[in-house]
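Please go over the structures that come below.
In the two complexes that follow, subunit A is the common piece, with subunit B as its partner first and subunit C second.
Our next item is the complex of A and B:
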């Protein structure tokens, strides 16, 4: 086995099968959701006519579908690399997949059969006040879908926790807390274990928050006289939602730690600043969510101040050690710029640039003007489309790299198209936000339409690139010999 | 288990159950909703857990066949607990002898006993899911009691109901912190088996 595909990455038949299911399903769903996104953007740009109720159904499916799928695909990145260091059970990985698919079915049925269109954030009391557009049952089905997905992730995280505890003693040692203040730092401690320890802690707490608020909303749906405190519900929803989507980048980034060194020929080792960064982010990810509530003047003042300050600092430590590490790793290394390496570097750019608008919007005085404008989709599409998705794609290309190294069309056409289209697409959102075009509006004023049209063109380029990637990867995965992944030797 | 320990457990369970039936004790523990839910019921649960020692030696290993990883027992305990989370039953248990008797029988036998048999069999993952659901339930019940605008029980007042809500939320928080601390810094000697499969190498 080559250094690019070491022996300890070999997949058994069963593992290869489950991983293929993850990869192919994630790609298929991402393409469909992107098409939903394009339809929305073109509708805003008056190029096509979409009735508002359908627009909001598409928006709900797109939000929930994308967030869920990126979470699922990132968990595949974490699973693939973490299992090299600890003993994970493929059955739990498969259970996550099955529960996810059941949840996704419930969500799709709720949206497209039941007509639920209250947004992926199911903010109370909207799901139960549809003014007759959808029934309480469909809102409830949507929430049940989330519960199923949550249980799936929980099972996967518990398996990862168990494995880390078995090998390292406890999660603190997995995170490397014992080396924060001194001691003989073990430089061979894998960054993948540090990142995974962080993710299982924060996302289990996120899932707990979700489990509480979802069931309370379900109770309220059928016992409406029991009014919930809307602010508390919103706090819990954003705690859970923010932690979940944030955790996706912290799972996906493992691909950068693992893959870049293969091409640069330099090890990525842990250092004390690296461990500090992950430890601090573990705490900050949990308390940063109030930046979603800066408009809620009834929130306790201290929480809003905390939301602003932590917004500045939350993502920064891990981002700095990762971006600095990536640059140091490739600088004058004579790196071979294969597709996974390029995607890993692209993700550093997307992450870096994507958090700038977020930090600006996390400032209370700016937020009062920019919140609920398209500036916000501008920020998160930036870091999800150009940050997280490239990390996930890096793993996918890595899987087929041994058998079908991507070059030619993917390198010369796909990647530039993806980057260019992505920049146009997110740039249009940010620019529209800058002129105060509101987010989540099915119909736009004539002044905003040009932004929507430019955004649509960017989206088309992105979709063409993703179709190219998806075809290449899926053919690579399913192609002979055998249909397990490229290096599934057994 | 030694005979002496067995006799001790059975004796303790019997004493506890008898003690909890004594009018002054029962009266005090039923005087408030908070005491009933946070003292009387947990003590009945403990009595049931102690009864595990009374089971004939052959039964526990035999039951493993239909209690895969403790899942059956924990599901039974969960389903039975759901009934005793209903305020209506808490209320009736004070005023209706039949419900009162059902409580004294079912909490030990359908919750405490199955839990104590199944918990040791449960894997880390089963325990994790069970614990997360328990903590979530503490928060949900606490929240419900805190916001319910009316008295739910004839026997108890609104302030009692809301105090119970506060305590449930606090217990949920404490459980959450304790579990997180255990996972981060605790010892898991029983689990430790495999050293790291590999260190960072690419």
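Our next item is the complex of A and C:
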């Protein structure tokens, strides 16, 4: 192994500082956004009284804040592990953070000062057609915030892209395409590099799509005579949104590939099916978005059919190799159930189980009775709250693992609480979707209120657990002098 | 059992199966003598192959069954003899060209919007969604549905459209075809 591929994960002072900023900011924002979520859920449950304008502001902030922050935290996972194999520049990683924070400020100001409540999906023409509830300026500020965040991610991806190309020749070789049809498979090719190559390809395209539609909307906001085609804008927005949130999963899953083997004692190496899975998913993630438009009957029907079929197949390959790989990695291994290992396993369950209601909803005839009901927040919270967030937390606990005794009463309590609360919370959404409760409603009909109340209780349990985790992690990070995880791998 | 109940049941079974697999594997995560990693891996790969094939067959079957007949009506041709209802979504109310429809004969809803995106969803007398389509500015979606149960149907908005999105409701009545038993 060359010097570029250190087995240990030591951070320089500067790197440790930037990573700490990422981790602590992400935790803080996630907690605040969860509280926003709880307020919404309790308002639907009639336990508290929230006027609709405030409700929709919270909804907009929660959607944008969570998607953005999970993206940010996942990019920290990717950075932390990828930098062992290719030479990344910490300045670019830091630039992403700074741009993200500027963007987040713009978004918060747009929402809570400007009153913007057009939803995190900024679906044209609602942002510029609020019936006087918010101004065009605040909608524009929100979009500028998105652009700043997008540029930050592009900077980080560009650095990763160039680094992968420098080390492996091109992105295709990073993905391992040269071994798809034969050849001498290099078993030491890191899964982290495969996943990162995929992410920089798809999410650069996703963010570019987002940037294009944001610029179109911004121009239209100030030159309304340049009207946009609402269907085209919808296509671009869902393309961007879908790719972005999926890229978060594919960045965060690197934590599972890297961490689980250390505790099970079994290597997780690339194989031909693994490479095929990532190659196929690279393509499918880019063309699956029409499943968000199944109720737009004017769409070309072949695109709706593609939306349904690719929904079935899109997640499948990576998911099969990953969830199944994790199970095989653990089975009769004598694994040491450290906190990161538990979180990695929890994330696999959340992803696997959350995919079930998601895939079913990708069926056109099911979508006709489930689309935009709470079934949708039911399935995406399943794999975001119980899938992606545990992956991210696994890295965070790994960072402090070296310095603090893992486990402890706090965590023995916290993890079951998180799982239990999470299941209650997402179960209440799914159950409400089953009885057709609409999503994004500031007020519910009486027959939906019991679900909202049960969901609120689940949310409270989750938040208590996350507060425990966050305290433990932040104290751990700040408590150790030097902030360097001198921590030999394996 | 309506479609929502079927979906709910399949989902619960699916999640329970996933949970059982995880519980099984986790309960057997201890080191066991004679567990040769290489041998286990070969077996795991073999199982994975079968699993993949099974999912593939299931997926193809479900795709075929769920797309025939094609669930989205053809957008160009108009049905002969259908009742036609023009629907326009506004911030924040629904305007229908008819509020009294007959069960048993197909209804064609021509759905559009005067301002932003809305979601035209029809809730049955049991308050479950029976059909929906998007209401978009500049486009007209054609939704075809044949009501079987007479009664009061509610129209709700299923695409977020601003401050009073949750209040954007209307209703219409479906009456039994003359000659039907009430």
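Here, the second predicted complex is superposed on the first by the 471 of 490 C-alpha atoms of A that agree within 3 Å, B and C clash if a C-alpha of one lies under 4 Å from a C-alpha of the other, contacts with A are read in each partner's own complex, and residues count from 1 in each chain.
We take it that a residue touches a chain if its C-beta (ideal position, glycine included) is under 8 Å from a C-beta of that chain, and two chains touch if they have at least 3 such contacts.
Nothing here was measured: the structure is a model prediction, and the numbers come from that model.
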First (subunit B), second (subunit C), both or neither touched by A:258: first
Partner chain in contact with A:205 - subunit B first, subunit C second, else both or neither: first
Which of subunit B and subunit C A:270 touches, first, second, both or neither: first
Touched partner set for A:364, first subunit B, second subunit C, both or neither: second
Touching partner for A:436 - first (subunit B), second (subunit C), both, neither: second
Touched partner set for A:188, first subunit B, second subunit C, both or neither: first
When both partners are placed on the shared chain, which of subunit B and subunit C touches more of subunit A: C
Contacts of A:229 with subunit B and subunit C, given as first, second, both or neither: both
Common interface positions of subunit A, toward subunit B and toward subunit C: 229
Of subunit B, residues touching subunit A in the complex: 124-125, 128-129, 132-133, 135-136, 139-140, 143-144, 147-149, 176, 180, 183-188, 191-202
List of subunit C residues in touch with subunit A within their complex: 2-5, 7-8, 10-11, 14-15, 18-19, 21-22, 25-26, 28-32, 35, 37, 40-41, 44, 48, 51-52, 55, 59, 62-63, 66-67, 70-73, 75, 91, 115-117, 119, 121, 123, 127-134, 136-143, 156-167
Footprint of subunit B on subunit A - complex, ascending: 3, 6, 8, 84-87, 92, 151, 154-155, 158-159, 161-162, 165-172, 175, 177, 186-193, 201, 204-205, 207-208, 211-212, 215-216, 219, 225-229, 258, 261-262, 267-270
Subunit A - residues contacting subunit C, complex: 52-53, 56, 117-119, 123, 125-126, 129-131, 133, 229-231, 234, 264, 266, 273, 295-298, 301, 304-305, 308-309, 312-313, 316, 320, 324, 327-328, 330-335, 337, 345, 348-349, 352-353, 356-357, 360, 363-366, 368-373, 430-431, 434-436, 438, 440-445, 447
